[in-house]
Amino acid sequence: MIEVDRLGRTFKVRGTVVHAVRDLSFAVEAGEFVGCLGPNGAGKSTTIKMLTGILAPTSGRLRVAGLDPSRRRMALARMIGVVFGQRTTLWWDLPLKDSFELVRLLYKVDRRVFRRRLDELCSLLELGDFLATPVRQLSLGQRMRGDIAAALLHDPPILVLDEPTIGLDVVSKAGVRDFLRRLNAEHGTTILLTTHDLGDIEQLCRRVMLIDHGRLAFDGTVAGLRAVVPGEASIEEAVTHLYLSSRRSPRTHPHRPAPDPPSVTA
Amino acid sequence: MRLIGYGFRRHATYWAAAAAGAFTNTVFGVLRAYVLIALWQARPGLGGYEVVDAVTFCFLTQAYIGPMQVFGGGLDLPQRIRTGDVALDLVRPASLQLWCLSEDLGRAAYLFVARSVPPALVGALLFGIVLPAGPATWAAFMVSFVLGVVVSFGWRYLVALATCWVIDDRGLSVLSTILTTFFSGLMLPLVIFPGWLGTLARSLPWAAMVQVPADVYLGKTSVAGALAFQTFWAAALLGAGALATAAARRKVVIQGG
Amino acid sequence: MVRTYLLLVWAWTRAAAQYPVSFALMTVGGFVISGLDVAVIWVIFTNTTSLGGFDLGEVMFLYGTAGLSFALADLLFSNVDRISQHIRAGTFDVMLIRPVSPFVQVATERFVPHRIGRVIQAAAVLAIALNRVDVPLERGWMIPVMVASGTVIFTALWALGGAAQFLLTDAPEVANAFTYGGATLTHYPLSVYGGELVRGVTYVLPLAFVNWQPGLYVLGRDDPFGLPYWLRFLSPAAAAAIALAAFLAWRAGVRRYRSTGS
């Protein structure tokens, strides 16, 4: 579903070149649920923007649903749903249901199909109470559920989420996680999400990738991630260990960890 | 004074926007200059201006657009009223009006440098413009210019404060823009407005923003009369602004919005 | 694409209809603001009978046709000049994940039909002008052609201005010099402007094809600058050329887009 090969992206910021992503390679199969970890500024959002066609890569190759995202943006848009936790894809001044109607027009979803999907999403995400409320008046948790519903109205086989649980309270978080788990298990949707919340990873993802300084620092199962440090380590300890070890000796050579069993170079 | 400096520096961070504004003002200055030249070639001496006076007038008006915010706005006040932050400003011991005025003067000073000088220079290069007759005229012009900014502030402050009472402040700002652009002399010198319309236009406060300082610059009017006219309108508008501030304080602070 | 555009415009119009008072005020405001241009022309003609060799009726004809083109482009596409706001707010990211051209999305985003006030005003001026100048029927066919070409030219200017904002995110006002500047330029007969300027807007930025060249044909006038006669029929070609340039510039702009760092 997603193939990324030696992907790189640089930005020129006032004369200096920032390598936001460098030499990133991985593949995601249909039906997988992949979580992506990494400290702030690691390059997660930049990767997501390249996967969704917002940014063109400066080096490397990528395919999402068989398409080159930045060249086939509009074809890709029908195959993929995108959620940004930090900003909404909805319209601030409009009631939630009007936002959904605009999304319907943008994706040219048939009215009957749209009604059915909206009813389904409304009951699963419990949107019924605030469909008529302008987005700006929604709580963060309500807004996030609205955003997720909007991303799924055209029934995409792939869902990409950038920090979907950021700032949510415990109950909202549980609701979002529950929904994503069911979407993946029952509907077979391929899901890739980034997060800082290790709970998301532990509860949802079979596979976890750790990005640091724009590179892949780990790619494997959650169990494999725990095994990075000897003994009965928690996932926090493993992640802390990986963050710190990469800080001590920033990698300069390209490196490709095998998915399973876990391998780590430091 | 410190506030003026603060206003200057705050707006200096938007230098790219100011450069873009200067460019736009210059383009419009050139276009309007040609139209005025065509008119004055058909009617030399119209309104007591020669062609070169008309061209100079045209670039002066473009130079005023930034500092005097002829198209309205320039104040944060409507935004603060809409969000309710104005309640904090109103309970401060300093007068809200003076506070806004000093910041606005800083903004005007910056925009004078960034947005007024470039179009005037281009106008001088392309068409040739007249310079004031001597140091006394320069001095009178600078005073008149500052008074023009104060009158402009007085008007915009009233419009901004009206946001407290009207529901649709956008309609109001559109109305303000119409009145200011037409009656200030920005589009055409008021000296060629016919009959009673001309008399009316030349006695309204907007004339004090563009037409009067330009006439002082060109030496087409008695300096004392011009400055008295501007001072009158500055005092009247600031006085009205003070009354409106008091009313706003009663409304916002006592009734709680 | 046209269908999506219309559907989106309709959706936003319905949203705006929830605030009818605001809509009415803004429509009247647009009508009056653009009416100011006519007031300026009127004041000029209280002082003279001819401007650049053209009388009041002819100037109003030139104003009316250019004004109508501009107002239509303004109504339909001028939202494109908000592109830098979308870039700074990050909403442009969202437009790129939709299966609709971002140009259509920016143009329709928060579409409010109050700019119809300008269209009405320009159409009214044109009607009055046509009453004053005698246009024989065999030359009148050019009027709809020139209004349509002019609309395309102004739309292309907006698209070019939008494309420039991908580079000049902090200075969106530069685009105004070309869009609103172009509108102001075409309000008057080009004979009032200098020769170099007129050659520039004939051969480089084809503003002369909005109303001047085809207008000379409709009015049956000689070109004061002595440019070739056949230029009068080139408005559609000039519109197509600048539209292509705008299309390419816009595409290049979107490809250069670098989003915002968080």
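For reference, chains read A, B and C in written order, and residue numbers begin at 1 within each chain.
Criterion: a residue touches a chain if its C-beta (ideal position, glycine included) is under 8 Å from a C-beta of that chain, and two chains touch if they have at least 3 such contacts.
In this text the structure is predicted, and so the values were computed from the model without any measurement.
By number of C-beta pairs in contact, B-C leads over the other of B-C and A-C. Chain centres computed from CA atoms place A at the largest separation from subunit B.
Relative to the whole-protein C-alpha centroid, the nearest chain centroid is that of C.
Subunit A and subunit B have Cα centroids separated by 51 Å. Subunit B and subunit C, compared by their mean Cα positions, are separated by 28 Å.
As a whole-number value, the distance joining the C-alpha centres of subunit A and subunit C reads 42 Å. Those residues of subunit B that touch subunit C in the complex are listed here as 14, 16-17, 19-21, 23-24, 27-28, 30-32, 34-35, 37-39, 42-43, 46, 167-168, 170-171, 174-175, 177-178, 181-182, 187-188, 192-194.
Residue ranges on subunit A touching subunit C, taken from their complex, read 11, 45, 49, 52-56, 70, 73-75, 77-78, 80, 82, 84, 86-87, 89, 93-94, 98, 101-102, 105-108. Within the complex, the subunit C residues that touch subunit B are 21-22, 25-26, 29, 32-33, 36, 39-40, 43-44, 46-48, 50-52, 168, 170-174, 176-177, 180-181, 184-185, 188, 191-194, 197. By the touch criterion given at the top, residues 4, 7-8, 11, 15, 90-91, 93-94, 96-101, 105, 255, 257-259, 261-262 of subunit C touch subunit A in their complex.
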